[in-house]
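Across the two complexes that follow, chain A remains constant while its partner is chain B and subsequently chain C.
And now, the complex of A and B:
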């Protein structure tokens, strides 16, 4: 019973790889999901407040903007602690998967505004779908897309070990 | 990093494309700022070339890490993840501060154009590189 309680964390707990019985709310909470929801709940209302109250004092505006970022830091801390609780092989694969995810996100994050600046979306009339306004600097969007990219990276890297 | 095992040849092999990407990014930024009638294709090529060299940097860096022993590889992956994650934070904070008007207020006091630096590819590339060099000794301390 004690061994079961001390079992190492698994990447499947947050839905990486196959969704199995191990995927659970409890596992996700261990991996910082609570802070992720704090980010979601503070980010979009914060952006709305900043857009609609531009006359508010600068300090208040900065505080509103920094709340989701502080929660994101705590989310990253939760993920790091969760990864530290894995066995050696899963830790290696998960670290590589997150490195893949964050790097790919950085490529998009850097490249998309350059394409907007070059006028590609306007020339191809893609602005009607607001592709020029992709919120790459929004915490919610960052977490979601990084998670998707990391999940993709996990599936690719995990194939080597099967 | 810059200890007795430092080799300029290995550094160029691993990070050479990063320097090319940064130079091209600065050049591209200047070209796109010029009041000339570039076609969309020309503008897209100017904008994307530094990013392609950035991808070549990622490839050469990954190869360099793959050639390491087990412990150094683990350290490099951890330092790399630290660098990319912190870069995402810095870039996001930079954008958020710009959006709140903090840089405008700061400009009135310091006359520094802090709002204009994160639009080029050289900013995240140099930040990832700098944070990797900062992160590596931090993670290395565990093994000493």
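And now, the complex of A and C:
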């Protein structure tokens, strides 16, 4: 999915490698951000609906539960197409960054409950901020954290080529 | 891997951005190749060789 002028896609277009909070809208949309917004908009309301309408038909409840997951997969597909439009150096760095981000998320996802079970947050009195109740089942949380970790990975890996 | 990309580009008075546009890559990639921090793939090396009308081994050396 390259630009009309045949310029390769750049990770900076979605804020990777920059310390800016808001990256370009157009760049983010090219990378499938529309599906990311669908995830954000369907995830928390969907959870609320499932909690407050337990009498709804099972098939409807399953559909509501799976909408954020389906949108997440479409977002990943958009990211993959966007990466295909990069030049070879940026493709290599970005793929390594996403691998870094995904691995770090898995470590975080696995390690955090173990620390909760060990009683770390209770001992440090951090349970008042609900740090022992991280929403790992939440698609929005998963996407945001993986994105942040991948951005961190990009900054670390890309330094080698600057 | 050493290369003569910077000299070849300078001889034609191209900027890194000019060369990047001709090769269909980013300016950072051209800079990384010129400084030896990144070795291009074989297809990109062929593209560079075709652009400068030289054999690959005339541009890149170990």
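Keep this in mind: the second predicted complex is superposed on the first by the 152 of 162 C-alpha atoms of A that agree within 3 Å, B and C clash if a C-alpha of one lies under 4 Å from a C-alpha of the other, contacts with A are read in each partner's own complex, and residues count from 1 in each chain.
Quick note on the criterion: a contact is a pair of C-beta atoms (placed from the backbone, for glycine too) under 8 Å apart; a residue touches a chain by one contact, two chains touch by 3 or more.
Please read these numbers as outputs of a predicted model, since none were measured by experiment.
Under the clash rule set out above, the superposition-derived model of chain A with chain B and chain C shows the two partners fitting side by side.
Within the superposed three-chain model, A:99 lies in touch with chain B and out of touch with chain C [touch as defined at top]. A count of residues in chain A touched by chain B and by chain C gives the higher number to B. In the superposition on chain A, contact of A:160 is made with chain C only, not with chain B.
Minimum Cα-Cα distance between chain B and chain C in the superposed model: 8 Å. With the contact threshold set out at the top, not one residue of chain A is in contact with chain B in one structure and with chain C in the other. Contact residues of chain A toward chain B in the complex are 50, 54, 58, 61-62, 65-66, 69, 72-73, 76, 92, 95-96, 98-99, 102-103, 105-107, 109-111, 113-115, 117-120, 123, 137, 139, 142, 146. Considering their complex, residues 32, 40, 43-44, 46-48, 51, 54-55, 58, 74, 77-78, 80-81, 84-85, 87-89, 91-93, 95-97, 99-102, 105, 119, 121, 124, 128 of chain B touch chain A. Touching chain C in their complex are the following residues of chain A: 6-8, 10, 87-90, 160-162. The touching residues of chain C, when paired with chain A in their complex, are 21, 24-26, 28-29, 32, 37-38, 40-41, 44.
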